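As structure tokens, the structure follows; a few thoughts come after it.
Letters A, B, C and D mark the chains in the order given here, with residues in each chain numbered from 1 onward.
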């Protein structure tokens, strides 16, 4: 069976800088793949390449075998690839409900505006935003905005959902709620890619981890395998520290 | 903020002034005058207004216009159409239907006059155009439109006659024309007239409205080695062209410019460069007529104008005043304000005014004038044609 | 439903105008209807999509000249008017492809330049358009009153049609998508909105009715010249009207058109040479004190008075 | 040989266009405000020079400083009092605000000075420089050189003075500049004032070349637009390059295609350039 999403030797250059360097990676249906790496490693670029915002300069992106490398972002969105933004991007002067409905109407299953609004209420209930459905999005707290991003993504009825730092800036109880929600989304059969800064969080939720460093993929595997990988430790902590740790058991988190 | 406040205060004051100064006498003759008081044509609009005002004040000072023995005051209702032709048409209709104007002075220039005359024709309101010369304005078969400018070719033909007779060495003509109704029409006529006289047209170029630089056109002109340069445009274009010709050392034997040099602003702005520039216009303060109108002789008109405005009148100002004088004569002759009767009096008119002999052709355009050719000599425009009012000989450059 | 009812009532009320007024009032009514069309047109691209277009004058002028040229070749009036709309729409689709990837000031300037280029093209093709000499259209063989009514009702019908289109668009996916684009174009793209296609559609909508308005206008005044039909004020006034009435709303543009023309008429009558400054004064006051338009001001009372406008 | 003259025409004209556009570019680049008052500012500068010459005999090359200072004050007040209130609002709002202000200013000038064309006629005109077959108009060249010197001065001010650094900081990142203690509103007003200064000075210099009338303001504004897009925004070198490029385009365009097509050509090039390279010939490198 072909992978849900496959990157084949994908590169993305900005001028002379290679933000992504021949990355080959496949995502199987149903998994939660954690994508980690130090700042500037190319994680967000990878999402941008997959969603067509910054098309790959080399290589191919395949969705269930279909080449989507050069498709426009809106076409990719309509094929069931949804994402959230690290810096939240609501439509500020629309209500929360309308924000979500946009996802349902333009990429999701809603055949009409009316149906889109109805479906959106369900997604709001799921994400716990039902009480504030009619407030303008610009009045929301950060945690609420992050959840709104999630709800918008869900409304697109995605096969594959990419979450870019949905937990950044949240306190620990908010993070726990968010994680529970990610798991519940996965239970609905949505394949998920999580970009995360907090190692603890990503390890607890992911079924598999991939590590980017300077635009290159340096490790893929179960969380346990990856965290034991010497290259990964070097990338995160520097060579010296990695050498000291060598032979010792991998730490819980890094 | 202060500037804004000042302007608002000024606005308010003006508004009050406008509303209290409106004439409320019962026996008035209302003449509607749509004018371009703002926008690109506003210098022209203001000139016309000066002419109309002088006429109205002179007529009122003399006790108004006698209609069947009863004196009527003249009231001119001005509306600015911001140099926008459709607006002129709209304003014309408003003046007739809302302000109940008895008569109309057409808006400035051929294009707007033509457009607005359609309205006054439909309402049967006699309309005098003081600044429309193109034949196309008058050949629409309208009965209520009259014009005080002769057709454009009456400006061109005497010029070519004088130049071709005066100096057989003038062979090559360069034409530079503004791409606009009157100015383009003059250039086309010039091209035809030059060919008819056996002259060679070595350059014929148009420039766009709003052109800020003529250097390339003048470089081209220099290459064409013309003996006679004929440039048309509004005053600002011609000032710039004159200056840039000097910049590149282009000095033809004859330099003709229409329609700027008749205005004093041209000589003021170009200074010594104005010298020997020739032009033609429909009227000139040097002409001498003994009229039966309220101004009487041309000298008397010039004096009255100078007394009020401190300047010598130019052709546009005189034509506007003449339009009023002619209208007055027609009303007095008709002895009624009935538009159809006044119209008939205009059509039958055959007399002399300070502006010249007045007789309208079958299309309504004046046929009795002989437009003077003049040349700037010693910083002043002097008439070189027609012979009856000639002040000096035409001077050719080297 | 409420919008449709309002439109119907408004159209009915306006069709009674010939009973109440003389020809000059009808002329004013025609002008209000014409500007309502232009304001409504601008609202598609400027209000809904948030792209500050100054191309309204270009579409208007293009429509006027398309129709005038066709009429001069003997085409029937209805065909000429329709073709003018079609031509403007086609032109918007072509030019939209080139300039709709620009944002903010750059888009504003490009849309402005489009009108300037068209104006100069007309100026320099005298064989077809009369160039700087302008163009005469056949005068309809109608009485004064009949002509006034014909053009009033034509323009009124077009205004109603444009408003109907606005109502439909506002409630459709297109309108929803345009609002998304206006608020965050990148996010809209990612949510599956075909931003480029939607913007082009909005641009075309803002062209087709403006082009037809230009065509009717040309027949109405039966003399057109480039400085008049490509006048920059034809692009600016609709925008002021929309701001006045309320940006992005269905009836705001109509209210704005009515108010501005009424105000102009008043000013024009009482202030001979400072009406431009008066218009400038309205604009300044509008922008500084009621960025959401009069409607919003009335609706939300004085509490909402604040200096900055939230609309792009 | 004739091409040398056309080239010279284009270069001189380009120098004047650069002078017209520098202030406009500065305001656009730093404040992201399209100042539609710019054309009227230039005309007002011309009037200052005209009256200074007519009543006091001050040469326009000297009164350029006076005109600049007067316009700086006006520009400062306009920005501090009005434009600053909506500076954070979307493009459309500031654009339409300056449009309204321009209607007022232009109308006020029309009332105060009338639309009649005037011109400064120097008692001692500069004549023409003849370099073999090429004629160079003395007044244009002198005005161009002075405008160039003023522009160079502006460039130094921006690079080397405290206020200049603050302006550049605001241009780069408004919020960051505010956090670093820059009084952004004051810098906005100073920038707008500097833009008006350049407009006023340019207007004074142009008073010996162009007939003066409020009607000219839209012509100047149009040129400033094209120059800015050609050269790239908010950059002094960009305005120079854009000005010269436009001068050359118009000059050769008028020569090859006929003068009636010169304006069409420049607007067409503007459209094409917006399409292929919206950042202008020099790109967005700014005042660095």
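Criterion: a contact is a pair of C-beta atoms (placed from the backbone, for glycine too) under 8 Å apart; a residue touches a chain by one contact, two chains touch by 3 or more.
Quick caveat: nothing in here was measured; it's all calculated off a predicted structure.
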- Where centres are the averaged C-alpha coordinates, which chain has the largest centre distance to chain B? A
- Task: Tell me which of B-C and C-D has more C-beta pairs in contact.
- Result: C-D
- Query: Can you name the chain whose C-alpha mean lies closest to the mean of all the C-alpha atoms?
  - Reply: C
- Query: Just how far, in Å, is the C-alpha centre of chain D from the one of chain B?
  - Reply: 36
- Message: Please tell me the distance, in whole Å, between the geometric centres of chain C and chain D computed from their C-alpha atoms.
- Response: 32
- Message: Averaging over Cα atoms per chain, report the distance between chain A and chain D in Å.
- Response: 49
- Item | Residues of chain C engaged with two or more neighbouring chains | 120, 123-124, 273-274, 276-277, 281, 284, 310
- Specify, in ascending order, the residues of chain D that touch 2 or more different other chains. 82, 104, 107-108, 110-111, 222, 260-261, 263-264
- Could you tell me which residues belong to chain A and also touch two or more other chains? none
- According to the definition of touch, which chains form touching pairs? A-C, B-C, B-D, C-D
- Task: Provide the residue numbers of chain B that touch chain C in the complex, in ascending order.
- Result: 4, 7-8, 10-11, 14-15, 18-19, 37-38, 40, 78-80, 82, 84-86, 89-90, 93-94, 97-98, 111, 114-115, 118, 122-123, 178-181, 184-185, 206, 208-209
- Task: Name, in rising order, each residue of chain B that touches chain D in their complex.
- Result: 1-4, 7, 10, 38-40, 42-43, 46, 176, 179, 205-208, 210-217, 219-220, 222-223, 235-236, 239-240, 243-244, 246-249, 265, 268-271
- Message: Considering only the defined contacts, which chain D positions touch chain C in the complex?
- Response: 28, 32, 34, 82, 85-86, 88-93, 95-97, 99-104, 106-108, 110-111, 222, 225, 229, 260-261, 263-264, 267-268, 270-271, 274-275, 278
- Message: So in the complex, the part of chain A that touches chain C is made up of which residues?
- Response: 51, 53, 72-74, 77-78, 83, 85, 89-94, 98, 101-103, 105-108, 113, 152, 156
- Note on the structure: Touching chain D in the complex, chain C uses residues 46, 50, 52, 98-99, 102, 104-106, 108-110, 112-114, 116-117, 120-121, 123-124, 236, 239-240, 243, 273-274, 276-277, 279-284, 286-288, 291, 307-312
